[in-house]
Amino acid sequence: MVEAVRKPAADAAGPIIRMAGVTKTFPGVKALDDVSLDVMAGEVHALLGENGAGKSTLIKILAGAYRMDAGTIELDGTPVSFEAPADALAAGVKVVFQEIALIPEFTVAENIFMENHPRNPAGLVDWRTMRQKAQALFDRAGFALDVDAPVKDLSLSEQQLVEISRALAHDARVVVMDEPTSSLTPGEVEHLFGVIGRLRDMGIGIVYVSHKLEEIFAICDRATVLRDGRWVSTKPVAEHDHHSLIVDMVGREITDLFPKTRHQGGETVVSVKNLSTRNKLADISFDVRAGEVLGFFGLMGAGRTELAKAVVGYDPISAGEISIGGERLRPHNTGRAKALGIGLLSEDRKEEGLMLEADVTRNMTLPSLARFARAGFVDAGAERARAQTFVDRFRIRLASLDQPIRTLSGGNQQKVLLSRWLMYGLKAIVVDEPTRGIDVGAKAEIFAAINELAAGGLAVIMMTSEMPELLNLSDRIAVLAEGRMTALFDRDEATQEKVLNAAIG
Amino acid sequence: MHKSMKTLLIAAASTVAMVATTMAQETPKTVGYIVNYATHEWYQNVIGGMQDRAAELGIELEVIDANLDIAKQVSAAEDFMARNVDVMIITPVNEEGAVPILRRAKAAGVPVVLEGNPVVGMDTLVAICDYDTGYNAGVEAGKWAKENLEGPVRVMNVGLPLLSATVLRSNGFMDGIRTEMPDAELVHDLDGGGNPDRAQEVSAAALAADSDINVIYGINDSSALGGLQAWRAAGLPEDNLLVVGTGGEGLAFLNEMAKDGPLQLEAAMFPEKVGFTSMDAAVAMFNGEDLPEHIVSPTHTLTPETALEFYDFDGESRQINWERVNELEAPDQCMKYASDL
Amino acid sequence: MSVTSDQSPTRQARGLSLGGLLRNEQIFLIILLAVLIVGLSLAAPRFMTAENATAILHQSAMVLIVAVGMTMLLITAEVDISVGASLAFASCVVMDVINTTSSLTLGILAGLAFGGGVGLFNGLVVTRLKVNSLIATIATMMILQGGVFLYTREAVQNHHQIEAFSLIATGYVGPVPVPVIIAALLAVVFYVMLNYTLIGRRVFAVGSNPKAARLSGLSPETIKLVAFVVTGILVGVAATILASLLNAGQPTAGRGFELIVIAAVLLGGTSLFGGKGTIAGTILGVLILKIIDNGIIILRWNQDLQIIVPGVVIILAMFLDQLRKGRTDG
Amino acid sequence: MQQSADTAAPAPARKADHRLFRGNLVALVVSLALVIGFFALATEHFWSLRNITNVLGQASILMCLTAGVAIVFISGEVDISVGSLVAAIAIPLIVIMNATGSLALGLGGALALGLLIGVVNGYLSVYLKINSLIVTLGTLFIIRGLVYLYTGKRAIADTVYLESFFQLGNGRLWGLIPYPALVAFALVGGLAVLMTQTRFGRKVYAVGGNAEVARLAGYNVRRIKFTCFVISSLAATVGGILLASRLGSAVHVAGLNYEFQAVAAAVLGGVSLAGGIGGLIGSALGVLILAFVSNGLGMMSAPTEWQLVITGAIIIAAVALDSAKRERA
């Protein structure tokens, strides 16, 4: 699937950028502890690690977005200090973040020259020169983009190319790419690799952040692995194999990560017929039985989250019908959905799940509050006692039930949110990217919890873009592409290749 | 109410010497009145008097409300000049802020009659004498206090330092009361904002600090009654208290006087009469007559008994008794003007 | 720091460290209040009298009544600028209806209904038409300011002379003015409601994270709508007191009232962005602003300071809040 | 194709945000034309050159204020202190002019005070990180109070009667176009060019659109926002100077509630409270629509109360339509 475009690293006198002894502490968490990274001209340097290993923090320091507590950064052997993003840009370091950092209202050309609009002699922005320069850049890099299009009209992969063009416009010497392929189709990935190859030929050093091993072997020259905020190894990719990389990343064998349990399907709990929404979904139908995990796979933009939100009554639908336990979800709102017994564990904990300043108890009991109320008054004692049973059951690590939830780790937050629905007692749950931003250990616990739910007779609909998660947890696998359901596999017949083919649509 | 007033107006008209001369001459077609605050009862009654007089004379009266916005007043003057009104009557939102309007009106050849407050560069002003009104009310209050109040006179002035007119009233009142009661002391000198809720609030705080007063003076009825309501809210006894209101702009004072409570004196300023006189002055201006700089509209201090001579009041509405009002004589000159402050 | 845990009955794990004290906004406000009281007592002997204390409470009552509703509304992350204009209009309605029907009950009900109706209108514009509540209620304010003069050209006088009506504002129960009792009762009701009841918890949930609340089966729109209506009804309560206090329905009353209410609520530690706020803080905020007002008059300082000092106090309070936040966030 | 500086150029096929004159302004222009058309037919005196130019002059003050307020909105902050600022800056203007007889020195004094207010607003909001709505609400109170204290609630009259100062707010070019309108158009035009055609302006849009993106692009977000507060105060100062000339004095109650009117006009003109969206031409059109509505209703002799009701209704309707449009998109 992926063409190898590897080329030996260019011989250079020394690294362009050398970071050493980098340490960064957030309240309660040591995100980085004595980490080193160096980037040579013309090399593709992989930066690897599980979620929470410290990759993001490290590249944010490199971008000047965070300031480190201790450590040094050298540019061509000279110590530099990145106090602000402007310093990093001036030093020739450009980070392309996973969350695209563009202004949607601006045109492609203006986004590229955002840092440094060309000006005419009158001191006004010289739009003509800007467009010409952007076009010239695209010609050189081989990008097919309209310089006048507003960025909000572009696809994610096109926006990524705009980001890379910004780096080129800046004569960047080091380009950092943060999980660049997470939102791309295979064709787009291939194109991106071509681009990376061309950047390398220009003598640019590339830091390639990813946890997709096949990509690492396809394009990277060296790899630095981080684990739990610490540096583990830096060596040529040629000296690694899959197993050695995983061991470096995880620190142990991960065969026990996915407990392969087979669930017996019971009665149909969720039935979706010809579901469409105005913007995304078209004519989707499926059933989920009690005790079954139905996995939905799809690339970025395929409509996973949209489907999840439509099924639980959060987003409006334009056609079709949804039944839970044989009853229509009508009116189409979350109140009715909850009453019928279906709820969503959102992919975006901060935006759609947590009440950050509120304590653990209040976060957990949100949907179940009415249970604890007598004559409209909430029985706080009963509420806490109930919350405590879930803290015990899921081994949620906290100092106190009165602790604001924002002080908990991602994994523990997710367990609280899962408990939120378990406390309420659902017939069916929709989980959207349940392990996003969660460390490896906690991941296994979340998986175990999901398995347990299914074993307890809950119908589980799981949205995921993580292939291993999908293949190992699901009893059946549905695939979405461009808002349509393109395939439905039984667990045994599903392979990575089949699923991907269906996902490309 | 206005219709019945009309008949009275005809009778009243002949008693005003100035009117007699204007009747013989031409009348302007349209007169524009820029009122500073049409939502206030005082100005509603001014407009009422003006409208009736205009209808009488066959003049078209246009009214624009500046709604206390000084810039809007300038705009209104521009609008009237664009519409080619023959005369403008203006109640300035602020005395200084109206100076350029007069300059521009003069340049455009539109005569201006001012109502209420004087402005530098004006030709003529129709107004009551604020100082005299306060002074006369003060004298009456002093007499009343001599007879009815115990202890030395201690005054709470619910004032409005914003306008020179209202400052004159307060000063006049204190000067007047001292002619009868030389020891009268001004205990609280407040800024009641001229509106009832602010007046009530400020008075309440002042009374809490020192409630040893026996006279409340308000520069208008809202201020006087705001002060009285604060007195009541503080739970103070009303038997040794005199409240003196000013203006007589609406129903509130008649209502309160009907109760025969502490409001025993009202320095009535007859807004209807002010409007009436302003319209006549506009006609005279249009005819290029030589007008005095200050045309005085009469005022009179009312008691609960005499109030009903000037106004017919049935609890729901009031009617001015023109015959009685027109008997009042206005002085040619005021005792003090804003320039004397 | 956490939403309402200061009043949480289950408060446990909070140490009484100095930092904890600093972080507790109520303590800060209590200290400020104490400093004000001590300072004014020293500066003006007439400050520390029963009469003056009563007067301050009396002045605070109307502001507090609306402020408790505004607290609830701000916790849901909405705001209502129209309360001042609505107050004036409703006071005219109260007086007019009593004049017409000679029924105190009907008049008060009409005032509450009018206030609630304005709240409903605001709530519908904000939740259904999705107009930012700041803009929507500024517009409502304009409409009401104009509308009240379409309703009545002049102050609505008391033609009914019902004795009980004047007692609403000027009556006393023992040494305590009636409005203070009404305000205190409402404050207690809202304190209990926000902290111990289902609806209070939902109000906080909606303000903290409306999306999470919706996903949990709540309807943020409905809860916000309720908060608007409740605030409106409280404006009706205040309007009844105002009409009684002024012995008239005054169409020109209430100018600037909304800013005092909002200033007091913000000073009390309620967040503009929802999810955070306490009735205790609001009570303190109202008292602080009203004591400052009173102090300026007692000290016979220039009354113009009455608009300067609150401005300074609010900015200062927000600055200190920012400092505290800065410290906890590291 | 993208000749951005040239407003007369044919509209490019794609919508690009940096053009001086954008597509969604058409709706505003049409609305303005409808308002003017309606009153021209409905009232007798409305449709005259004199009246139309009058309204332009009358709208000039609010146009200056709204331009500044809109810039702060676009940067993602709020400034509602402008109503009091208008009254404050007239004091040094008049006092200095009375003392020295020099218009230039007076203007300098006014601009210096405006600058100071902008610096205070900006410093408190941006560098001390206090919510800007609260800060400017606070300074709205404080400035007004200080004006009352200083003036003793009495207007300060212009006693030197400089013809140049009088003409500034009251005169007309060729006896036709009011000078204040020219000043306001120049200010709005200049600021529109600043916002759409200079690096600084583009940075303001970026900061308001997404402050984190702007920070990552190396912008000094704080300095940009701070500068916006200063610009807003200076623009309001210009408005205040025009007003002072029209009033021939420093009036302590000048500009009451102008902050609400400016916010309403900016929002009506398509500026989003959330930042990054809208423009100065739109805001100016918003001001003109409200000004012509007010003038037209005045010409119809509609009482103030109807003007307030109608203005309020227009604002709700405009914002509701806008949010409905956004939701559909």
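Here the chain labels run A, B, C and D in written order, and each chain numbers its own residues starting at 1.
Going forward, a contact is a pair of C-beta atoms (placed from the backbone, for glycine too) under 8 Å apart; a residue touches a chain by one contact, two chains touch by 3 or more.
Predicted model, so just to flag it, every value in this text is computed and none were measured.
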Path length in steps (a step moves to a chain that is touched) from chain A to chain C: 1
Most remote chain, CA-based centroid, reference being chain A: B
Averaged-CA centre spacing for the pair chain C and chain B, given as whole angstrom: 36
Separation of chain A from chain D, taking each centre as the mean of its C-alpha atoms, in whole Å: 44
Chain A and chain B, separation of their C-alpha mean positions in angstrom: 74
Distance between the centres, which are taken as Cα means, of chain D and chain C, whole angstrom: 32
For chain C, residues that touch 2 or more chains besides their own: 149
Multi-partner residues of chain B (each touching 2 or more other chains): 39, 191
Two or more partner chains touched - positions in chain D: 153, 303-305
All pairs of touching chains, each written as two labels joined by a dash: A-C, A-D, B-C, B-D, C-D
Of chain C, residues touching chain A in the complex: 1-3, 5, 8-14, 196-199, 201-202, 204-205, 208-209, 211-219, 275-276, 329-330
Contacting residues of chain C [partner chain B, same complex]: 44, 46-47, 49, 51-52, 54-56, 58-59, 149, 153-155, 157-159, 166, 169-170, 172, 177, 242, 245-248, 250-255, 293-294, 297-298, 303
Residues of chain D that touch chain B when the two form their complex: 45, 48, 50-51, 54, 57-58, 61, 152-158, 166, 169-170, 243, 245-251, 253-257, 295, 298-299, 301, 303-305
In the complex, chain A residues that touch chain D: 63, 65, 84-86, 88-90, 95, 97, 101-107, 110, 114-115, 117, 119, 123-125, 127-128, 131, 146, 148-150, 153
Touching residues on chain D, where the partner in the complex is chain C: 124, 128-131, 133-135, 137-142, 144-146, 148-149, 153, 260, 263-264, 267, 273, 303-313, 315-316, 319-320, 323-324, 327
